[in-house]
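Written out below as structure tokens is the structure these notes cover.
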Amino acid sequence: MTSRFNLYKYSSPATFYALAGKMIPWFYGAAALLGAVGLYISFFLAPTDFQQSEAYRIIFIHVPASWMSMFIYVVMAGWAAFGLAFNTRLSFMMASALAPTGAMLTFVSLWTGALWGKPTWGAWWVWDARLTSELILFFLYLGFMALQAAIDDPRRADRAGALIALVGVVNVPIIYFSVRWWNTLHQGASVSMTKAPSMATIMLEGMMVMALAVWMYAIAASLSRVRSIILERERNTQWVAQLLETEV
Amino acid sequence: MLEGKDLACVRGERALFSHLNFTLHGGELLLVQGANGSGKTSLLRMVCGLLAPEFGEILWQGEKIAAVRESYHAGMAYFGHAPAVKEDLSAFENLDFSCRLAGIPVDHEEVKGALGHLGLGHCLNLPAKSLSQGQRRRVALSRLLLVKARLWILDEPLTALDQAALQLVQSLIGEHLRRGGMALLTTHQPVMIPGITPKILDLSA
Amino acid sequence: MLEGKDLACVRGERALFSHLNFTLHGGELLLVQGANGSGKTSLLRMVCGLLAPEFGEILWQGEKIAAVRESYHAGMAYFGHAPAVKEDLSAFENLDFSCRLAGIPVDHEEVKGALGHLGLGHCLNLPAKSLSQGQRRRVALSRLLLVKARLWILDEPLTALDQAALQLVQSLIGEHLRRGGMALLTTHQPVMIPGITPKILDLSA
Amino acid sequence: MNWNSWQEFLHMGGYALYVWGSFGVTAVLIAGEIWLLRSHRQKALTLARLTVKYGRVKEDESTT
Amino acid sequence: MNAAQTVFILLRRELMLAMRRRGDVLTVLFFFVIVASLFPLGVGPDPKLLRLMGGGVVWVAALLAAMLSLGRMFAGDYADGTLEQLVLTPTPPVVWITGKILAHWLVSGVPLILMAPVLGVQFGLSGDALAVLVFSLLLGTPVLSLIGAIGAALTLGLRGGGVLVSLLVLPLYIPVLIFGAGAVDGAMSELGSEAHLSLLGGILILAFMLTPWAVSAALRISIE
Amino acid sequence: MNAAQTVFILLRRELMLAMRRRGDVLTVLFFFVIVASLFPLGVGPDPKLLRLMGGGVVWVAALLAAMLSLGRMFAGDYADGTLEQLVLTPTPPVVWITGKILAHWLVSGVPLILMAPVLGVQFGLSGDALAVLVFSLLLGTPVLSLIGAIGAALTLGLRGGGVLVSLLVLPLYIPVLIFGAGAVDGAMSELGSEAHLSLLGGILILAFMLTPWAVSAALRISIE
């Protein structure tokens, strides 16, 4: 593990721990602000939908959560790949830190989708491609976390988790393409909102703002989690000892 | 020549040893000692290349073992805690396959000879599951006779062996060393090999 | 008094021993010896009641062990090849539960004392999976201190132990015998217990 | 402005269960995650403190 | 020491072990969910078809999950020698065997019962049918643990045990499956499900009284 | 020694072991049959419903059987130390890993393919659909062995491994299931199944080229 790679220096847990500590409040702040604006748009600016009445407002939480759930998985796999390639401890820790937040957002997507499905489709759940692939994504997250939890040696846990994350990410596009061979209730039902362009704009804006809020929240949460993981893993090192003296 | 340079080992949360150095030349025996849990097995696995050292490096003929993997493995025999004996194969089949898989072509007579030498002549064709603990370990040890490796890495080869087998294994190691081989050994029992003074590597220290 | 009368054992296809007799009184040590595969483990399991003898019978205080199962088991402690230590429980919890399940009420101090006596004082609360092979065997051996059995049946209790532990276990056995206990023991290592001349039961013969 | 009264807002055009169910559970989940993050951090800190104080400490020791 | 005390100590130990390995418990649960989800993927998304299959699929998934979790019942204790020690305690084997089976049900069966309604909803089962599903599982899963214990005990230490146990145990599970799934179907078709449920109850009582003895015999055989 | 030779020797050894433990092979097969037969029991005997489900159910049963048999792929070799010895041979790991996966398929996959038509007939599948079922299994089961090998390698030595592997592997099996069952459905609905089958073929080629490397990495990680 000699520093053949310059990046290694910047990815040192000690440096990153401090950096993350400074960034977290900003991300939480941004998330709160954007969330407030987004919720205001969702409930007060966006008009009642012509077909779905108020039920459609679920979109403002459903779509951002769905987007982020997929995005986080890809980012997680990216960190895992980086870790395997360059053997940087921090990358593995980032991957582990992202998983619970990703799983939580996947669950939000499933939950809100189900609550939306009942009034619009008359069923909590249908086995359509989009829904199913989101469910599988949930299992992929759980598999990653279960594997890491089952391994006691952190080194092995890191690398085994990274490997399964990478294998899983190959699966994501494959599942995604299966949309073509399935009848997809999901997309057909979401047409109504493109009726009036003005409505679409404000809704789109609301969705975007909420998506940004979720994004900021995800960053804040995973940074905060990675700090705890760093502390656990590095508690035997000199810098943690110094940190504890000065900080608390 | 086998060399360990400034080795450190961390298992789970614990640092087992660090700044460990050793060299091993042809004809030498290195005895790794230490209390229970001091990291003997870990060190041996590290030397095999099964476990990456936390720090430091292991050199074989002056080159890092990972760089010369193929030739290193071709010249090395490892005997671990688990004897690598398949219960459903007979002693004969076990030895035969394990040599062939290691890339060593062997004929029937050689295999029989090796097993006979270890006192298994009368149970060549019994499935290994009907052998006792000690007999299974003998099957595993018989590999050493055939693979013709220069470096033997033996993790507690003497446990569960009766007196006769104990003598036999020690004399095997002696012969190997006299032929210019090297051996790395752990054991909690006293080792006595006539004409050989082992180097000692104590991990408790 | 423990008595084996005209015992015979068949494992798989092979007859291991037959017409085997022994008696064991309070204060005596019976050392079961024999080459690998001679049936030592089988004999010990037979004496425990885990394995039915092919022929003959085992008597405890003059009665067949199957007939007095409860009182026999209450007065006996068995230490087998597998140490009966749960990896996910700490050394403390392991000992605590195993005593309670055996029907022996113990308090915290006793448990701690027993573990401390075996040199595990500093890792009472570590899960057993982070202990080395030898340390786990010590946890298992600590049961002997608490169960207060008259009869100890120990199958290779000395393997995988370092020198310090070896001495300790031997002195434990010595004390037990001096208190009037009995012990049945197998080992491939020499046993030296001051003041005790073991009876020898050789299965190879 | 879409709503004439609080009742109307809460009623969500008859879809209260679904809309508030979605937003509510999401809020609970986020709050829960933040709470978990905080307790995780506390645990990590105590563990690190114990380690600095007593040398190597296992995770299980700090929790039991 | 009396029987209740032994069972209680054993239960505490088993639950503590399960807590330490929470992952295992959750994994069985998710296996249940995944298996149930595989069917719609294989069979296609037609809601009517799925509603018809729903009860059966959830029950089959519960069966398979219960079966997979059998590996944990005695295998660990066997491998590390705890089982020998239990056999050598003065307590009669039937007592602690009952304790172990109870613990297995608490750890593997109860989570399935709690998760089942969610799966039922995904298959579009009605409220009534959901209630019957849960109730039938409540009566049926203990039977799965009880019968499974026999298979688990018999296959101890055999390699390929995981698959072998399924061969031994699945045929014995079939009555439970028929009455369990039948009860759910009955609730949906308004035929009523009392008959099926009371049969399940009968099986449960019978199994509870008989299987510990069978398990005790099986363990003796496996341990030799 | 060249790669083909190593693979050949390994294959001989694995097949010999499988012959010695015929029971294991048969057990996987019976598991397959039993799981497929549980469905009619759980769902009820309506022939139309069964025909609709047929392809999907057989595929799901194949998936579960393949998954259960994964335990055998490396676990035995890991436990008795053979795996270490294989890693320490001069042969590159990818070579013997390919051999082991191939052996696993021969022992666990091929019997399923041979048995599938019988099950298909029981569900009332047409001749065409049966042919497609067999062909889709022929393309699909090797993928199950290949992908499964990764899961098996990663969970080596972990307790609860049997269940954990299912959580890791089943989601990855889903594309195979969808295209496999889709092909059978296509044959029944006269929509044609070429598209599905060629996708399965594509997956097979991809998996064959990539997974041995992933398995090799996974084994390194697990063996440390």
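Think of it as A, B, C, D, E and F in the order they're written, each chain with its own count starting at 1.
In this section, contacts are C-beta pairs under 8 Å (C-beta built on N, C-alpha and C of every residue); 3 or more make two chains touch, one makes a residue touch a chain.
In this text, all values refer to a predicted model and were calculated from it rather than measured experimentally.
Chemist: Quick check: more C-beta contact pairs in A-E or A-F?
Modeler: A-F
Chemist: Which chain's C-alpha centroid is most distant from that of chain B?
Modeler: Between chain B and the rest, the longest centre separation is with D.
Chemist: As a quick test, compute the distance in whole Å between the mean CA positions of chain C and chain F.
Modeler: 46
Chemist: Counting in whole Å, what is the centre-to-centre distance of chain B and chain D, each centre being its mean C-alpha position?
Modeler: Result: the chain centres lie 54 Å from each other.
Chemist: Rounded to the nearest whole Å, what is the centre-to-centre distance of chain B and chain F, using the mean of the C-alpha atoms as each centre?
Modeler: Measuring from centre to centre gives 36 Å for this pair.
Chemist: In chain C, which residues are in touch with two or more of the other chains?
Modeler: Where chain C meets two or more other chains at a single residue, that happens at 81, 87, 127, 130.
Chemist: Return the residues of chain F touching two or more other chains; collapse runs of consecutive numbers into ranges.
Modeler: 21, 76, 159-160, 164, 167, 170-171, 174, 178, 224
Chemist: Using the touch rule from the top of the page, what residues of chain A touch 2 or more other chains?
Modeler: 139, 142, 146, 150, 152-153, 236, in rising order.
Chemist: So in the complex, the part of chain E that touches chain A is made up of which residues?
Modeler: 22-24, 26-27, 30, 33-34, 37, 40-41, 44-45, 47, 50, 121-122, 124
Chemist: Could you please specify the touching residues of chain F with respect to chain B in the complex?
Modeler: Contact set of chain F toward chain B: 1, 6, 9-10, 13, 16-17, 20-21, 76, 79-82, 84-91, 96, 223-224.
Chemist: Can you check the complex and tell me which residues of chain E touch chain F?
Modeler: Residue list for chain E touching chain F: 21, 23-24, 27-28, 30-31, 34-35, 38-39, 41-44, 49, 52-53, 55-57, 59-60, 63-64, 68-69, 71-72, 76, 159-160, 162-164, 166-167, 170-171, 174, 177-178, 181, 185.
Chemist: Please output the residues of chain C touching chain B within their complex, sorted ascending.
Modeler: 11-14, 34-38, 41, 81, 130-135, 138, 156, 159-166, 188-189
Chemist: Which of the residues in chain B come into contact with chain A in the complex?
Modeler: Residues 11-13, 15, 55 of chain B touch chain A in their complex.
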